[in-house]
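Each of the next two complexes has chain A plus one more chain, namely chain B in the first and chain C in the second.
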Partner chain A sequence: MLVTLFVTGIGYLVVESLSTGDGPGLDNFMRFFERADYVAVLIRTILVSLLATLVSAIIGYPIAYAISRYRGNRNFLMMLVITPWLVSVVVRTYGWLVILGPRGTLNSLLLSMGLIDGPLRMIFNMTGVVIGLVHVFVPFFIVSVLAVLLHLDRALEEASQMLCAGPLRTFLYVTWPLSLPGVITGAMLVYLLSTGAIVTPLLLGGVRDGMLATQIYQDVLQVFDYPKAASMAIVLVIVAFSLVIPLQLLERRVAARVSGKGVK
Partner chain B sequence: MMRLLVRVVLVALFTFLPLPIIVVAISSLTASGYFTVPLQSLSLRWYLEFFTDEQWLHLLAISAILAVVVALLSTTIALLAALVIDRYRFAGRGVFESLIMFPLVFPNAALGVAFLGLLGLLNISGTYLGIALAHVIITLPFAYRPILNSLRKLDPVMEEASMSLGATPWQVLRTVTLPMIRPGLISAFLFCFIVSFDEATITVFLIAPDVNTLPVRILTQIQESASPVIAAIATFLIALTISIVFLLERTVGLELFAAPERGR
Partner chain C sequence: MNTRIAKWKLAAALATFCITGQANEITMATWGGGVGAAWREAYAKPFTGETGIPVKIVEVPTPEAQIRAQKDDPKFNAAISSLFEAAQMHKDGLLEDFDMKDFPALADVPEKYLLKTPEGRLIGVSTYFAYYGIAVNTDLAKPDDFSSWKALADPKWSGKLSVTRPVYSSAYDLTIMAVANGGNEKTPEKGLELLTALAKNSLAMYSSMAQMNQLLQRSEVAAAPYYSTRVWQMKRDGQNNVEMVIPKEGALMLPYMVVVPKNAKGRDVYMKWLNYVAQPDGQVRIADVAGYLPLNGKAKLSDRAAKELGMPLLELRDSLYQPDWQYIADNRKARIEMVERSMAGTGR
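After this line comes the complex of A and B, so read on.
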């Protein structure tokens, strides 16, 4: 059983690399980069994913921090994060469609309050995609940071406060640097998952601003050109990991420094 | 003043995550199917439509069976893998472990294309067997983590004691090890179930005209028409997820989500 698992694991990687080598080598890639619209999609994918990662960090860190410091029923707060996380991506994206759509909750609320004259355009553009992606992936960030914050030695913070550092300074010089490994892990996860997301950009994005993942999906669906799809998938993987590997190296250094500090 | 501001921001942040699922649940009850702000008349007609439509019920049954099978397989394989990794030192142990965890971070769209190729190679493309195989590989990381964590917490003295009292290795596994890691097994199973049951991003690549799953069907339905029956189905799925989270909370506690990263 283990062997089969192992073989399948390797199998899909092999198939993937093979399918690009399919035919005369790098032709598929050449064709990809010759098309200006594909390059634009590629750049948009990177931008949207980076933006989603940044927003996730801004939203996710305070949530994780608040949960780790909460003295009351922590389980309730955890539930608020975990339940939406486990609800299907399709369902959650549909939720945003209902909220942000032209006839949706937010527009009808604003209209009935007389704040706007016509419906605002909040989906079928990049804003919608980023909101959706952040919502889908921010729990990964929260959980990564929380894992670090919950197991952080509180004595370090107390020591800092005893040495007359204010709460802000304690946070900046003690808590934040110590939680960096979690931040980096979380950011990597959000970025990687955002680049490969299909459901959210498909439902919340406009026709003209697809991402690489949706482009792959549409190409597979419409013209069944497997080598082309595979080469695009490889481009996607390279794009995703080329930004993540430096981060991973950074994380190692940070982790090493942090544990060094912890010993002192 | 400052405290109040912090509080308001925190409440806003914590509403962000549950917001779309709450809105979906409310909108499923309206007669019009969109949650517009002067709330219109309430009705359960969309639930009636869902529960009397044979096609939807058929897909619901398929997705449920698929998820149970996948969860059973995945939990078993993950248990074996975790036992091997925890007990034996062998060359390539690290590689083996990363291979299990890899699907978690691999951009999903690329994974979908890879599976499409793999299933074609195995001659099982467009079958439920193929989808199940893909789901087992995707869910494996979710099963592996909690099982390994509970194995690590296990006191080896217990197993040694039982062995010195003359128990065979199989007896030790069945009467000592398995009962003691039960929380890990339960959370692994529930996790795999929910991930498989909700998966759409990768499954869209693997369906065939008469082979489909519930989330994928919902996804295509949303694109085709805005029928509010979706809101009813979505609410049903949300209720299912909430009950699973409750089950997790009652049986193993939610702290497992913030378990520290492996061996730093």
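After this line comes the complex of A and C, so read on.
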């Protein structure tokens, strides 16, 4: 059922993207790639999404690891991780303006301590977009990794330590490889969600920090140019799959390897 | 189980009823952000009181998007619209048009604020206006600093201004900036350099009124081209550090009108509604509750509204620049592309 809906949706997008005034054609795609500003938006979308994914991994993995090893009320910690989901993304994003804006808490603190001469520009640029995306999407990464770490057979780590491997060696050769399926799933989720982000780039980006999804949003809801928006959506889907498919293949390979079944 | 199914059926029926406009009532789409509430207070309640016809005001992000989405089966029989949106929608066959004779009160509205087809048919009823000038945060700048639109290009304001998205700046900013440089809406290239300089000086590109209000209220930006009604509302809410400036080259007139989607239900009731919004009474009330100003020349502002305005209503109305919105609508996509390319810093 879900697959049918997905395929029907993509099919509709393809048909819409090929519609021109003179019958089916690739005009919408050609017009997209002829415009240097749109190509720049596409490249920025990929870069920002990759950066948000990397930062989410760096922040999210240690948190997931710490929760999985916590001996107390683990459910409470998991609740803390997903609590931001209970607040509207718009409200959460506006919160960053209060904290990181030119007149925000952090700049006021640094100025009052005499550490800076003028406000630092931490939002309304690419940095702001990445901070916002990581804040919104890092729980997805944490939950993905945590799900794997919680099901990890601890006897394997104990066996490693009994064979004289220290905690670092055990982590690098046992825990990390076994948790890779969760890392890959989390990375895919964060990357895909980042490529489709609208609110965060709109509110935390600068004049030249638009992303492809915000452009699509504008063309659908404000300009009503559906064929153009559909062609951009197809480009976005291709961009998303160009990373997700290799990652899925890698995930399958890693999963087969850690389960000792090898790769067919 | 049957009871549960019956409940679901009842809920579905109620939902359908709530969305679908009835032939004997007005279901009108308005923007959010206080516009819907103002319409209920200024127009809907008194109209229902006088005629007994129920009016349902539905706040949506973009009334135009609703009309386009419901092209074959309109759920609304009225919607608020700017003139350039209405011109585009009518061109696309989405709106009803009318005979001027059906609206005697429009005789008191100057011809240039009415939108008509080439055949002279009326596209909706113009009811009130706002204007597009420069909103200034007086903690960071003096109103006199922005006595000209050209001041927005001064590098001393780098990182201290804001600009709206190309979809709106291509219609509003580009037009009034072309005027400031001796051109008009038909010579947008005359305003492009100034708009690009404003974008370079801008800390952020605002995408909603709430965002721009926050930037001004928190003193994050010193100034931005903005809507008079928003500044009026901020001041009414006690925000004393925001002022609206009409630069010496003038401000842009933004008339608003009520339009009727093509094949909308209930012609009898929506004709009464359109006639009602053309009258001065409702226009005077909405000036009191939301700062929109009457287009009907017979409207007399309340003492409070007149004091807040600070100048005679007709003097203000007639000093504002009224472009050819039909021309702007006809060239909408080309103008947006021009602004997008320019703001991105590419001429390709």
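Rule of thumb we're sticking to: the second predicted complex is superposed on the first by the 234 of 264 C-alpha atoms of A that agree within 3 Å, B and C clash if a C-alpha of one lies under 4 Å from a C-alpha of the other, contacts with A are read in each partner's own complex, and residues count from 1 in each chain.
Keep in mind that, in the parts below, a residue touches a chain if its C-beta (ideal position, glycine included) is under 8 Å from a C-beta of that chain, and two chains touch if they have at least 3 such contacts.
Values in this document were obtained by computation on a predicted structure and should not be read as measured data.
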Subject >> chain C versus chain B on the shared chain A, clash or fit after superposition >> reply: clash
Original post:
Once the shared chain is lined up, is A:L203 touching chain B (first), chain C (second), both, or neither of them?
Top reply: both
**OP:** Answer with first, second, both or neither: which of chain B and chain C does A:I216 touch in the superposed model?
**Re:** first
**OP:** With the two complexes superposed on chain A, say which partner A:L97 touches: chain B (first), chain C (second), both, or neither.
**Re:** both
Subject >> First (chain B), second (chain C), both or neither touched by A:F124 >> reply: second
**OP:** Identify the partner contact of A:A40: answer first if only chain B is touched, second if only chain C is, both if each is, neither if none is.
**Re:** second
**OP:** Report the partner of chain A that touches more of its residues: chain B or chain C.
**Re:** B
Original post:
On chain A, what residues does chain B touch that chain C touches as well?
Top reply: 94, 97-98, 101, 103, 202-203
Subject >> Complex interface listing, chain B residues touching chain A >> reply: 9-10, 13-14, 16-21, 23-24, 27, 34-38, 76-77, 80-81, 84, 96, 99-100, 102, 105-118, 120-121, 133, 137, 140, 194, 197-198, 200-201, 204-205, 215, 218-219, 222-223, 230-231, 234, 237-238, 241-242, 244-245, 249, 253-255, 257-261, 264
Subject >> chain B-facing residues of chain A, complex >> reply: 1-2, 5-6, 8-13, 15-16, 19, 59, 62-63, 66, 75, 77-92, 94-99, 101, 103-105, 108-109, 112, 135, 138-139, 143, 146-148, 150-151, 181, 185, 188-189, 192-193, 195-199, 202-203, 212-214, 216-217, 220, 226, 229-230, 232-234, 236-237, 240, 255, 259
Subject >> Contact set on chain C toward chain A in their complex >> reply: 61-62, 64-65, 68, 159, 163, 165-167, 199-200, 202-205, 207, 211, 214, 218-220, 332-333, 336, 340-341, 343-346, 348
Original post:
In the complex of these two chains, what residues of chain A are touching chain C?
Top reply: 34-37, 40-41, 94, 97-98, 101-103, 121, 124, 202-203, 205-208, 218, 221-225
